[in-house]
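The next block holds one structure in the form of structure tokens; read it before the comments.
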Amino acid sequence: MTAHPAGPVAAPAAAAPRFEPSLMRRKLAGTVFLGVCLLAVGLLLLTLAVLLWDILSRGVPWLDAQFLTSGPSRRAARAGVLPALVGSIEIALLVALITFPVGVAAAIYLEEYATDGRINRLLRTNISNLAGVPSIVYGIFGLALFVRGLGLGFTLLAGALTLSLLILPVVIIASMEALRAVPHAQREAAFALGGSRWQVVRGSVLPAAAPGILTGIILAMARAIGETAPLILVGAVTFVTFLPNPIASGYTVLPIQIFQWAGDPREDFQSLAAAAITVLLVLMFVLNALAIVIRARLSRHLTW
Amino acid sequence: MEEETPVTVTTPPHTPSGTQPPRVPIRIVTGPAGAGAAAMPAPQPGEPGGHGEPGGHGEPGNSGNSGEPATTVRLEAISCWYGGFRAIRDVSLDIERRRITALIGPSGCGKSTLLRTMNRMNDLVPSFRLAGRVTFDGVDIYGRGVDPVVVRRRVGMVFQKPNPFPKSIYDNVAFGPRINGYRGKLDELVERSLRRAALWDEVKDKLRQSGLSLSGGQQQRLCIARTIATEPEVILMDEPCSALDPRATLQIEELMAELSRDYTIVIVTHNMQQAARASDTTIFITMGDDRAGYVVERGPTLRIFTNPEHRLTEDYVSGRFG
Amino acid sequence: MTAAPASFTRRTPVRERLVEAFLALSAAIGILTTVGIVAVLVFEAVEFFREVPLLEYLTGTVWSASIKPFRFGVLPLVTGTLLVAGLALLIAIPLGLVSGIYLAEYASPRIRTVLKPLLELIAGIPTVVLGFFAINFISPILLKSLVPGIGGFSVLAGGIVVGILVTPLIASLSEDALRAVPRSLREGAFAMGATKFEVVRRVVVPAALSGIMASIILAMSRAVGETMAVVLAVGANPQLTLDIRESVQTMTAFIVQISLGDTPAGSLQFKALFAVGATLFLMTLALNLLSDRVVARFRNRY
């Protein structure tokens, strides 16, 4: 206490001159920063608006029955997206069909069964790291494993399997979150009734987690529908005039079709690309809306 | 009725500086007044002598020869709401300068809310609403043109859980002076603040280490050092020891006694022994059936704990309720 | 060992054992995928490095995979990738960080409920759509009028679209990091007489710094692995340049180029695809692991 023997150290009158809070300047800095914030957010929203306007203003006029019911053509006026649209829907359904059982099973194992901390942690770390692998690397893997290794060739099935591997971490993580959200009491109640682990999971936990899991899968489908790069590697081709058969060679999907048209500098083909993008966005929008509805519907019956 | 009473509360003695004598666990003791050191803190020269119960809420007594009013913070007919919930009903009270005032009462009765009206911390809660007047040295701190930032520099606060910034010990203490444009030597101010918070000897060799590397009690003293570095006039303490062990709690209480020579301290506590040990004035707050808090009784700590006027106070301090 | 009385034992039915085996197998698919990816990349890349020495690959400055004489120096692809990713981050870091701060600290709940889905919308735009936006709007309309001498394909156009792509990632991850900063720290700073901006700048952002860094590293990884937008915006011209008005080729764009052409399996070009894929995988893996580390440090903090 050498600095101030007994004197009124905190006597504000004596201390005041040594502080120059310059409140005006500090407040101004805050205001300026808030302005910067609004500018950044505004710029983002502006970008989104310009992007949507650029696409819709070009694409919507081209959307007609003819566009939705024909295949690609060398003449823009006669071109359409039907094979690509059907290909996208088929591939999305296949992906859902494959990832649903596997993804949910993996999530159940990790959340409800795995007891060994080390193995559990390894599996979880691995899954989160898989989610960070570039999609094109999955394409390379799909090419080596499904197309060549398993001899599936350049088929829609090979494409769906490749996308399934890509989407699986997303489905697993979403399902794990849904399972984790089920209150512990729910499990204990079922165990107390003498249920085995599987009976508890199937009869009690899964139904409660169903809305979350379903939502996760639908959102994953939306993501799969937009993927392009891996499908280029596993042989989705750009000029398909027929509707795809999952195990026969030759299929296309919307993003691939968009990619091809977008790369064509002729004005009409740019518009075709914009129109196909509109279809793709509508499809994704429908899936997202579906996810929201399902979450709202199912969780209404299961409130706690 | 105050100082002559045969009933004594042993409060931390105000030793001049440095070492505090070891103290027995403090209890409310009935019997003849003990040694001089264990009596109520002697009024400081130049301050109003016996600070009795201010009956009613007249003008702040301007009695002392220091020229300072005895009251620093004054709440006038304060009511508070969080959204539709009324947390405080019509509370009026005075906080005396350079005294330790304890707010006690059952949990959830609005002690913290009341404390936070004194430095406008509740402004940060969007649904918060306040009616009534809070004055600081006569100025309405909720008045038009009053900036809460200014209020908070002059009315510092120490929180329930130690909350040092994840910065070095030095930067924690230097935070306030830096933002408030301190013109003196920062090193000296940091050292002085840490010394005042009785922390200097423990940290002087590791000022660059993170404040989070300290123990809980040290962290809380760091937060006190951080608060006094901006040289406030009032220090609000919101259950400052509830996260600390008994030893660290005692250190903080000794520190409070030391600091009360220069600062006005308001402490919220649910620990009645702490209020009894460490405060000069005690205000008992409880809540009505609608859970809105109100003041039941206010008086010198000694009297509140030994001879409360109100039945509710008696029940609470004797542990029958709360 | 004393056997439990019969009334307390229960043989796990075969069906439940099968179920459990299926569950475990599913959980293992992630590991199998990882092992598979690494095995495929290593196996095929080794084939490639039998014909092209590793040193030549790593230090060569000319990449010519389709025009003779074939040269496989990966540096042009790597610099092209890093140039695009770097530019993207230059755009995305300030934009994403500031938006994240705004969402976490300033926006009212009402504004947040509108803004967050919009950001998610941007994050969910398929990358091929952003590629279209680049060649249909950014390059011919925006950049042509602003940057003299810029071509239809450029690093700049690629950097901008990839920047748009990863901005929401930085925004939402740093928002999470900022929100994770305990309220008590904010209150502590306010109680010292700090203004809102001072609380944010001097306490909240520094406290969330590791989380923010992790989000930036993840964005970098995302930008490096980004494919379709880059193929369409940057073109396929593998050259070693730092001129952002030039067209270059990224690693991902090369992979796409090879798989679009009729490259026979087993040819050197086809093997090069795997070598480049392995390089890309290693780069993103390193970034992801780094980000995990930074996040782990962050968790131990409070």
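Lettered A, B and C in written order, each chain numbered from 1.
Convention: contacts are C-beta pairs under 8 Å (C-beta built on N, C-alpha and C of every residue); 3 or more make two chains touch, one makes a residue touch a chain.
Remember, it's a predicted structure, so these values are computed and weren't measured experimentally.
J.: Line, ring, star, complete or other: which describes how these chains touch one another?
T.: complete
J.: When the contacting C-beta pairs are counted for B-C and for A-B, which pair yields the higher total?
T.: Per the contact counts, B-C leads.
J.: Centroid of subunit A to centroid of subunit C, CA atoms only: how many Å?
T.: Distance between chain centres, rounded to whole Å: 14 Å.
J.: Taking each chain's centre as its mean C-alpha position, how far apart are subunit A and subunit B in Å?
T.: 53
J.: Tell me, which residues of subunit A touch at least two other chains?
T.: Residues 21, 23, 26.
J.: Hunt down the residues of subunit C that sit against at least two other chains at once, touch-wise.
T.: Only 193, 195, 198 qualify.
J.: Which residues of subunit B are in contact with two or more other chains?
T.: Residues 149-150, 153-154, 179-180, 230 of subunit B touch two or more partner chains.
J.: Which positions of subunit B touch subunit C when the two form their complex?
T.: 119, 121, 124, 149-154, 156-157, 159, 161, 163-167, 175-176, 179-180, 212, 223, 226-227, 230
J.: Write out the stretch or stretches of subunit B touching subunit A in their complex.
T.: Checking each residue of subunit B against subunit A gives 16-18, 147, 149-150, 153-154, 177, 179-184, 188, 191-192, 195-196, 228, 230-233, 262-263.
J.: Touching subunit C in the complex: which residues of subunit A?
T.: 21, 23, 26-27, 29-30, 33-34, 36-38, 40-41, 43-45, 47-48, 50-51, 54-55, 58, 101-103, 105-106, 108-110, 113-114, 122-123, 125-130, 132-141, 143-145, 148, 165, 168-169, 172, 196-198, 222-223, 225-229, 232-233, 255, 258-259, 262-263, 265, 270, 273-274, 277, 280-281, 284, 288
J.: Once bound in the complex, which stretches of subunit C touch subunit A?
T.: 10, 12, 16, 19-20, 22-31, 33-34, 36-37, 40-41, 44, 94-95, 98-99, 101-102, 106, 115, 118-119, 121-122, 124-133, 135-137, 152, 164, 167-168, 193, 195-198, 200-201, 218, 221, 224-228, 231-232, 252, 255-256, 259-260, 265, 273-274, 277, 280-281, 284-285, 287-289, 292
J.: Quick one: which bits of subunit A touch subunit B in the complex? Just the residue numbers, please.
T.: By the definition above, subunit A touches subunit B via 1, 3-4, 6, 8-12, 15, 17-23, 26.
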